[in-house]
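See the structures that follow.
In what comes next, chain A is part of two complexes: it sits with chain B in the first one and with chain C in the second one.
Entry: the complex of A and B
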């Protein structure tokens, strides 16, 4: 142990030692602990991002090995003028905004319910999070069963109640596929938003509520001046995660419709996958993915400086 | 907190339970129904009898048991490896002052935003070069890495709350850094370890995109891909598929029942800076 310590301090650059003389356990030791993580994150996350960036500037098609060459911005030019991409981009915005609004509003309502002193609260809390913890392939399975046009229980129920005359093809109809998928994604992820907001609600001191009540604040005022400001950080985090997870959500679309019918549920995520693994055009797929990534990275950075940065 | 009237609260809670849990209760019930009850000839919420034929067919006809074992192996190894790497890294980030820590934290946030699709192509090429395409080890490598940002952050936050003095006392008593980490720092951070472990396990259990892209052989498939392919093959045999869904959900529900009190941490690990 002593020898390694000596070696470490001897190898440390002189300037660093001089600028930080009182650093009792600094030096290189943290890097020994960090090495496995850095290696994995660098090799399996960092390098692929750079490789993806590089691929997006290249003509790179899996079925034409050895024909890769640098083509500058031509992939970006190609995808940005592709009407399929513009439709998919519009679907992505619609998908992201609808998921954000629905999940934040419903998630807040659910969090308020989870926060109440109910008889059987522990049971209530564990039951309503079911959609979030159940694997996405099972979610797809259950809803495809429920929404099945001919034998599905939902259509049978609606028929029996006399609400519909003929069975709608919920997922195979261009006009209903996207709204249905948005509702299903909201259904799956709202519990997560609720749990994050609940964590925020639990940090608001009881005294604050009591003081507000003594001052004669009604429920709307307490919502406006105590609850919302108290969970602002949680709302920001939930919002960021919701946008990130929604935009990146591949399973919630692919397992139901594969982007169809006729591209009605195609988002940038499923489109990038189609480019890559059905057309094997890695260059174009990378360009689409980079556009997505740039957008999300910008969002995360803004979040970090607005919310996390302020706390320190 | 009496923001809402009592009856209204209970009514809301009831609606939420039916809405969020109803479909799964119905799935479990339907997995015990006979074919004629499932194809719409006979309607009923409850199964007419406790029919186990769907479960028997599931194991008799396909590779379901194999998918299940594959998923279990991948999820367990992913969890163990991710925890070991994250505990070491989280300790370094919480304890040793060094430049670049803020940058690493920013990277952790940004990594939670990484589009999985963006990584699919480069990872495909890397695994091909490593000879880990169409192998469970390739999936484990990718899952461990993807679980790391959250796990590291979780561990860092927990280690940061353990007073430095406790650790320093152990060091003075002749403990090495490594033993101090294991004996002194880890026990109070156990909730964090549990939350990070649950997160990794569920990530591996649920993941579909890479498992679908990197693994070709049917006998190496994990449950999510296996079940998805069964949905494609037997869209008419809902009973068998629902039975598969129930079995795939069971382990996750058990883990969460056990972890109920760490719930807000699992979801909000990122909230506490």
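Entry: the complex of A and C
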């Protein structure tokens, strides 16, 4: 996943040149240059999507080999009438929005801090990135230990400080499971947002700050009129990545709660997983995945036009 | 960090990134055709690949590896043994075989055999197995069968018994482990207090798996004989379910932390290990972690308390030959050797497990400690769970969710059980 996006961002400057005012000369030659990339992307991205789409229109249950057949929209009808889908969709929206807001706000604050000329800045920048580079399996093991109701250090600390008198079951309580998972996901992914925003901050010319200060702009005004407009594209990118990563972050839920307790953390990804691997119904799993795909596609298109469109 | 490339993007770049994100969603969620195969597959003559859980193949010196080497050496075969986490094994096997690769031989939990068989992922071994079938417990053979054909040879057998902490019982002035439901409840109440609890339960699938003995003890049944309809919500079933849930909901003899037992048996055993819980029901797979975690723990093993009748649930693993195997004769040779009378030492000495062979009562298991003896005695009478394709769905999804909604107090036990029965019958109708 990460490599795809890194490739995309590396490719970005090239397409910026292409969309510059200078008119392209036309002809077939540009297409020949583009062909390898298009074929590769088509194979790596396009084929799985189309295969998933096709699977979602078929009766495709692993335990019924040879019974695969085209069934039109019946998988969609089945999953859309499954009462769990609505809850899972709601949880997905909640999960995506909460992650987006928390990570952007905290990531921006972190980026601003890392942008200051502080002693030990390089060290600080390396430390901040740690949660992001730790594999999610390790994250799950460590946090499950820390959050353990009886032997976990967190509850011990809270008990000793007298802040609580009964050990909360963070991951096994319906009311806390989702908020805790959102915080853990924020903990893990905010560094990425911070680094993207930091890169944006570094592109704002010093002269702009100086000019604003000469004009008598205070910190709030500079934030509003210099910094935020200056990194708007970075914010858009970070926001998009955050929503995409979060909504697809199956590990961050499954390895803690498996969608429980009592479905309190069931999202569209865990639901698709259950269809695929406990019911072995790949048709319905693909239908859920396509619904998620459509939802993300719509969301990112709208988001992109809102942020990017304002420029014109 | 200051070297970070410019992250600004054009509209086109963003749209493409979007496609990437969304496509990843499909890939991650669907997993269709994701099998990469493992090891040598079944291709080369003279090489076999075996997949098992890490419980059997966790380390380089695992007894199963040694046995495979020993047999391979004699036969001129190379047998590669690969281990996967137990929770992932069935999924790994399924995706690998669906993708056209995968192992030649699998050692899998018996409850997953019907699903493999229905998916035509295992070779029908009925004819080959016929001569030796009588040497194995009927319940284990039934569990490894699907629609009157045998698809795997029973390997080890396990069942559930009651573990009780002798010290805590003595402190509470209770002489012996409970023999009936009423005694269990009375003892559990006595043993609860001062930060300790009398009995342990599990959440999600652990809760549903451990419910079946209660159901049977009360005269209930899981499914009808044809395997088409759920019967567990009949009056006997509901009564058992109410009693089971009542241990937590009404009597509070279970530590509330059981709500978090969703990932591993280790979580379930933990409070018993640390003497926070006086009793728990578990199979012989719980003995090794206890011996490791608290070697000094003084506990006894007894049969589960009786309801209207006594009953326990059968588990264990069976060995199947997969549809990817090109050399079924060689694979069968190894499977029949490994499960033969002379090889019980692999399970006994390597894993402290009990072979699913009827001759385990003849003293061949005397080397195992006293704690294992009850499990050996119960091996012949333990009841298998229904061999239906939808079993994984019914046990780990439908019933697991029902149990969770009861212990999280979202639904009444009656409502949850009735809804689960409807959902289970529906799952069965899908075949």
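Everything below uses one rule, namely that the second predicted complex is superposed on the first by the 252 of 312 C-alpha atoms of A that agree within 3 Å, B and C clash if a C-alpha of one lies under 4 Å from a C-alpha of the other, contacts with A are read in each partner's own complex, and residues count from 1 in each chain.
Assume a contact is a pair of C-beta atoms (placed from the backbone, for glycine too) under 8 Å apart; a residue touches a chain by one contact, two chains touch by 3 or more.
Here the structure is a predicted model, which is why all the values come from computation and not from measurement.
Contacts of A:135 after superposition: chain B is touched, whereas chain C is not reached.
Of the two partner chains, chain C is the only one touched by A:279; chain B is not.
When the two structures are aligned on the shared chain, A:81 is found in touch with neither chain B nor chain C.
When the shared chain is aligned, chain B comes close enough to touch A:34, but chain C does not.
When the two complexes are overlaid on their common chain A, residue A:209 makes contact with chain B while staying clear of chain C. Of the two partner chains placed by the overlay, chain B and chain C both lie in contact with A:237. When both complexes are overlaid on chain A, the residue A:248 reaches chain B and chain C alike.
When the two complexes are overlaid on their common chain A, residue A:143 makes contact with chain B while staying clear of chain C. Looking at chain A, you'll find residues 1, 41, 45, 48-49, 51-52, 55, 122, 125-126, 144, 148, 150-151, 195-196, 198-200, 202, 233-234, 237, 240-241, 244, 247-248, 250, 269, 272-273, 276-277, 282, 285-286, 289-290, 292-293, 296-297, 300-301, 304, 308 touch chain B in one structure and chain C in the other. Within the complex formed with chain A, the residues of chain B that make contact are 1, 3-4, 9-10, 12-13, 16-17, 19-21, 23-24, 26-27, 30, 38-40, 43, 84-86, 88-89, 91-93, 95-98, 105-107, 109-123, 125-126, 141-142, 144-146, 148-149, 152, 176-177, 202, 205-206, 208-209, 213, 223-225, 227-228, 231, 235, 238, 241-242, 244-245, 248-249, 252-253, 256-257, 260, 263-268, 270-271, 273. Touching chain B in their complex are the following residues of chain A: 1, 23, 25-26, 29-31, 33-34, 36-38, 40-41, 43-45, 47-49, 51-52, 55, 109-110, 112-113, 115-118, 122, 124-131, 133-138, 140-146, 148, 150-153, 156, 160, 187, 191-192, 195-196, 198-200, 202, 209, 219, 222-223, 233-234, 237, 240-241, 244, 247-248, 250-251, 254-255, 269, 272-273, 276-277, 282, 285-286, 289-290, 292-293, 296-297, 299-301, 303-304, 308, 311-312.
Residue ranges on chain A touching chain C, taken from their complex, read 1, 4-5, 8-13, 15-16, 18-19, 41, 45-46, 48-49, 51-52, 55, 61-65, 114, 122, 125-126, 144, 148-151, 167, 169, 171-174, 195-196, 198-200, 202-203, 233-234, 236-237, 240-241, 244-245, 247-248, 250, 257-258, 260-264, 268-269, 272-274, 276-282, 285-286, 288-290, 292-293, 296-297, 300-301, 304, 308. Taken in their complex, chain C has these residues touching chain A: 1-2, 4-33, 91, 94, 98, 115, 118-120, 203-204, 256-257, 259-260, 262-263, 270-271, 276, 389-390, 392-393, 396-397, 401, 404-405, 408, 410, 427, 430-431.
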